[in-house]
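Here come two complexes built around chain A, the first alongside chain B, the second alongside chain C.
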Partner chain A sequence: MGLTLGYVVRRLALFVLIVWITATINFLVPRLAPGDPMGAVLGRMESQGQKIDNAGEIIAQYRRFFGLDEPLPVQYVKYLSALTRLEFGYSLAAFPAKATDIVARALPWTLGLLATTTLLAFALGSTLGALLAWPRSPRFVRGLVPVAMVLAAIPPYLKAILLLFLLAFTFPVFPAFGTSQIGKIGAEAFDNFLDAIYHSALPALAILLSGIGAWALGMRGMMISTVGSDYLMLAEAKGLPPARIFFRYGMRNAILPQVTALAIALGHIVTGTALVEIMFSYPGVGLLLYRSITDNDFVMIQAITFMLVLAVATMALLIDLLYPRLDPRIGYARR
Partner chain B sequence: MAQIAAPLQTVSLRFRPSVSTRVRNWQLATGLALVLGLALIGLLGSLAVGESGLKLGTAGFVKAPTLERPFGTDGSGRDIGVFLLHAVLPTMKIGLIAGGIGTAVGVVFGLLTGFLRGPIDSIVRTAADVALAIPALAVLVVISAYVHVQSVELMAVVVALFAWPFPTRSIRAQTLALREQGFVEIARLSGKGELLIAFTEILPNLLPYIIAGFVASVFGGILASVGLQLLGLGPRLVPTLGLMLEEAFQAGAIVRNLWWWWGAPTATLILLFIGLFLISLGLDEVANPRLRRARR
Partner chain C sequence: MSGYLSRRAFLTSFACAGAVALAACSNALPAVPTRAPDSAKPAGEPTRPPAATSPAEAAQPPATAHPAAAPGVVAKSTGNVPRNKTLIMGFEGGPVTPPDQMNPNVPNARNSFGLHQTMIESLWYLNYENGQMIPWLGESYEFNKDFTQVTIKLRRGVTWSDGQPFSARDVVFTTNMLKEAGPNLSYGPLMKKYVAGVRAVNDNVVEFNLTTPYPRFLLDNFAVHIWGAVRILPEHIWKGQDPNTFNNYDPTRDWPVFTGPYRLVKASETEFIFDRRDDWWGKTTGFKELPAPERIIFVDQGSQDRRVALLQNNEVDALPQINAGPFQTALARNNNLIGWTDGKPWSWIDPCPTRMVFNNAAPPWNDPDIHWALNYGLDKLKYIEVGSEGLLGKEALSRFVFPDYPTLRALLDKNQDLFDKVGINEYNPQKAKDRLASKGYKPDADGILIGPNGKRFEATMVTQSAAEGQNMAPLNLIAEQYKSVGLDVNVKQLSGAARNEAVFTGDFDLLPYHNCGGVVDPFGTLDIYNSRYFAPKGERLQGGNQFNTPRWKSPKSEEFSKLADQVGLLAPGDPNIEPLFRQALDIWLQELPNFPLQQQFRIVPYNTTYWTNFPTAKNNYIHPPNWWMTTLMIIMNVKPR
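Let's turn to the complex of A and B:
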């Protein structure tokens, strides 16, 4: 049956709903909070001893941009139309830089780290999990279950602290911080690439270890229910090679709920990645969010959270649209 | 019929746990020991040491552990051991309140939508799908940046905003499976009202799932609250493990190799997370007997 038009439309509607609700929360929370949001922000910044030369200019620009003097419904419509152009206005802390431009610079770092670690963790974790439940696995493999449990239980940000302590300070194998200068030109491009990987190694490891543990446990549960199936016995009776039975008959069927779980877990993964970025001063969106919170840069906070939700919702949409290719039984008449 | 066997068997297990099941479920035993142990140490310890060590500047600044102060002191001149003992229970409280709210909402939503179906079902299901798809941190950051969260209870409520979708989904799925069973049909034939059936016939069979879901929500609540605290958002006047960790991180305790400062909250949180995780795995196994096969 595969992909039906009704399913695609429903899934797209859900995507729009997710983005719209996030945008609405972002719109309402500052306006429901007591006091004028901009005045409060600038007042707080000044009380903390930050000098703002162009406070009047920012407020005027902000008021004009968002039309804060107009009635709320008008503001809301204007706000939504600005969002469709990804316009958030100017960063308060880094005026006159536009929030969108700042986020756009950090986004590739986060997406690169996110994509690499998520795909690797999913592949490695699922394979490991399948082996944990496979009756023919060597004994020591099945003994790895508690290891997977501990890996899955410790959140990535605590792993980041332990990895920093172990591999950056006690045994300085990897650098603790950030990345080297971005944007060197020409022949050094490849060196830059290697350098970026070298500097990303520890944050990636912290996220990977958590992911592998969690996916392994999930896959183990699925594989346990698959192992008793008749078609596996038939495959064995036919004399198929064990590897083929394991991958094409066992894992191929057990992995389907894992893919659905991946779409649901994306939000969680992004949260974990953002916090790990902060621990390692990795120049991604998470670190930017942290700096914006410290700077009370509300424009940036809004821009970052919206872009994060947009990215996660898009990825989940892609997974859900690709899913029928993995599982042709799904017609999506009703979930 | 296979579906009904699982919950019914679990219920009987809950009320008459056989010795062999109890001994074999090492996850549940280890997890409970860890979490209850930590809670007990936090409770008795904080009562025993008193609050004098919590005052700023009374214990000396950034001192490595000594015999007198076995956990050292932090950058604000507090005894880390005393702070740690006082931080355990408030941290757990955040998780318990957030998990409690999330589970309660999830049970009511899941049970009603799964049993009554209809338009409310579509609305709640869509809402849960939306809430699951939004990275909780993104919205929580916006909320806590504007609403200055200064109490443990408010923190828990904020975190609970994203604690309900998962319980709702799983309770709804179980309810859907149960409502087609024979005993529900019999209750209906005997003239019981729909709501009464939902709460007296279905709910008791869901108990293992509800408890497992509650523990998972507590885990998620503490996870999210510590995450927010690391971002500097959260109560600063109540001692919590997240606050300790954030202060240590802020002061560069890792870079400066002040291992006792970041080590104490990190180790305690790791034990707490592992404990909660093992409890929920163990309860999963009780609720879902198919998983038990793998351990043989």
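Let's turn to the complex of A and C:
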């Protein structure tokens, strides 16, 4: 039982294959979408009252600069070569800014918001779910099942609207948008940090409430199948403390599928939750992806989706490799 | 046991792999340079540009990026400024990405997050309210007789924010840079096409020699005709920089450097802060007093809901736009809010009215009878009422594709007989049906017409998508009304780049679209229908989406174009323009390449809780857009409450 070198090598090879296939799809799909990103650039110039006399020349120059006039196979080879260096080139819509620079600015906001809310939702939701299935839980806890179902069913952006209405407009407890107080300048880093937390409260709450419900229901399902196990009965017969039985014997065994789901969820956080970020004008990767799609900026789309692919594939790889450490019963030895 | 990884081996290899990955990532992500301490820069010493990349390397990524500090870094901590000395405005277009892009000429430059309102000054500012050009950095100008040369006298005593003098050399440098830098810089193609040569006669006189007679050269390019104008750049900073990639941002050196009364102190995706420069040249020369706001903050105005929150909570003093419903909601909670007019519709007329464009490059959409039939077949008043949710009525009707501004209105009034003869805003479905019947169209069992070629009378109408905020109700009304006269309309919603592409390549039959042309003079509008901008369906329009969007080319359009060209050779206000315009209008009304839909009304809300003397219809010292370069005129006039 356990991890073998052969399995690790095979798993790594699979990882590379998955990343290559998705990178290829990532290269092709934006190019198949209708609309030329250069057209969006010219549209912006016109909206600034400029008279344009040479649209064709401008577009041709940009296409040359971005290598879009080269044959598709040549573009593909250059794209793969650049990917190995995590270089995506200049953004089409925000030229002369580089795609990696733009993503690097947005990423901390998304990671900060979603990593925190995902982990918190996982911890709280899993514990709540376990309690929902535990026979010795207080009755009022078990009455929270419908609440968890409602929370899971309502999408985060609808919760966001409700929270905005209640806590930003009707009772202005939290700010409705942005990441810092308007006009804040020259403050200490800790002060800025607290301000960012305060401004992130509503988007975080919208995501957290959705997450808690979903994790709770998932964990409850796992826990139900664990509750009737013989080893739990033995633990009780041995007179172990109830909390120890709950956490070390019950949750510990029920949580494995949740951990897999958590790994995938953490992989997805890099792209943010676009709708929530749009509603709160939160400068994260989700909002960036949305704007890149409407601008048909395929350099940015490629950068963001590649990052997603890499993150999810990496998390899946890590969880596969860590599983035997979490559950000694699992092994990858070939028989 | 062979083949198995021990816990120690696994953890060791995992740690090594993680270290390698981190090292790779640190190379891939851009380094954030540290900021030089303020004490490193001696007071009063002029800034020097960094090592430059040559213009020839424009096609290659620069080897070293300009060492700008990360946005959000404060150049100098200026402390708090009380709310009643701070003017807060919204900017449109969403978060600015990247926020450290201060090159105003690259095509993606946003500029309206405060950069061109507070820091960049124009040579002149066109005032829509009286049609006059307000002299600012430029003091006076003189054209030669045939409008092939213009001499500009610049105001004396103007300085850049770093103390260097502003002079004719900067104007010459900027013009030549735009000419030579390639086709994609803002105003670059225009300078290349129209400027044969430019020279500094002395420190404050510039002489432009033009390639062709161009009486509107200054109006179109240096007077904020619509939104912006040529941005004069400091030669001592930009010389040697690649104008296509230089981002012009370094808070450690107080860059960007411009002549305006404010300097940038904070830049982030959703907020830009500008502090007043008490050493602004306008004050030191006695030209103007310092503007009252000590600090100006521009914030992302966001969604309509957010605009309501910003206004009702007094978190902003001005926004670029808000819809009628949200404005009324905000007004109910904050009665210090004002629009351009005292009561409904609170709106100002945008310079770009809307029109229904036909694709004249594809039959049957090149047939004037079809154009007139569809003009009569649409109840424009109902269209306006539905689109404005009852806020607007006949005041939004448009006789021609001019914005309803005083000088243009007067011109149309003189030709009212032409409009009366054709009934441009007449709603008469029977007349529409009769016109179509006269062309051989007959209804089928469903009431949809079958053309003389045996085909169904169908049209694809390309519109902006509802996801981007387009109100679909009036567009669905168009489809419904056209169906009743026998035309089956397929409303095709497209977003962003896809819609632009459809307009660019003529992939539509009908297109509700804006028309940005003249604002004080008819030439700008006549020129956009010039047949020289024609492109067949499937080919890109060379003049961008505004020029000959309806792809109008016919014997009559050639006549029209000649008249438009003749108007172009006359200075604005020349009395000879009127008879030429009348002839051109007559042709346009005969062919109707597109018909006017409505004036564009826009609520530009201001909040008088902390500041007063914003522009209104009664106090119309300037037009109200606070996202244009002319915002500086507003800033110079606002007073604390």
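As a convention for this text, the second predicted complex is superposed on the first by the 265 of 335 C-alpha atoms of A that agree within 3 Å, B and C clash if a C-alpha of one lies under 4 Å from a C-alpha of the other, contacts with A are read in each partner's own complex, and residues count from 1 in each chain.
Operating definition for what follows: a contact is a pair of C-beta atoms (placed from the backbone, for glycine too) under 8 Å apart; a residue touches a chain by one contact, two chains touch by 3 or more.
This structure is a prediction, so every number in the text was calculated from the model and none was measured.
By the touch criterion stated above, A:Glu87 is placed in contact with chain C alone, chain B being left untouched.
In the superposition on chain A, A:Lys98 contacts chain C only, with no contact to chain B. In the superposed pair of complexes, A:Pro241 makes contact with neither chain B nor chain C. In the superposition on chain A, contact is made by A:Met279 with both chain B and chain C. With both structures placed on the common chain, the touch criterion links A:Leu164 to chain B and to chain C. In the superposed model, A:Val150 makes contact with chain B only, not with chain C.
Counting the residues of chain A that each partner touches, chain B and chain C differ, and the larger count belongs to C.
Of the two partner chains placed by superposition, A:Pro108 touches none, neither chain B nor chain C.
After overlaying the two complexes on the shared chain, residue contacts for A:Glu57 are found with chain C alone; chain B is out of touch. When the two structures are aligned on the shared chain, A:Asn26 is found in touch with chain B, with no touch to chain C. Common to the chain B and chain C contact sets on chain A are residues 33, 37, 164, 169, 176, 278-279, 293-294, 296. For chain A in complex with chain B, the residues that touch the partner chain are 14, 17-18, 21-22, 25-26, 29-30, 33, 37, 132-133, 149-150, 152-155, 157-158, 161-162, 164-165, 169, 176, 217, 220-221, 224-225, 228, 264, 266-268, 270-271, 274-275, 278-279, 289-290, 293-294, 296, 298, 301-302, 304-306, 308-309, 312-313, 316. Residues of chain B that touch chain A in their complex: 27, 126, 129-130, 132-139, 141-143, 145-147, 223-224, 226-227, 230-233, 245, 249, 254-255, 257, 259, 262, 266, 269-270, 273-274, 276-278, 281, 290-291, 293-294. Chain A meets chain C in the complex at residues 2-6, 8, 33-37, 39-59, 61-62, 64-65, 85-87, 89-90, 93-98, 100-102, 104-106, 164, 168-169, 172, 176-180, 182-183, 185-186, 278-279, 281, 283, 287-288, 291, 293-296, 321, 325, 333.
The residues of chain C lying in touch with chain A in their complex are 3-5, 7, 10, 14, 24-25, 28-30, 59, 61, 71, 74, 77-81, 86, 88, 94-95, 97-99, 101, 103, 106-108, 111, 182-184, 186-187, 189-190, 193, 220, 225-228, 244-245, 247, 265-266, 268-271, 273, 295, 297, 299-300, 302-303, 305-306, 308-309, 313, 315, 468, 494-501, 504, 516, 540-547.
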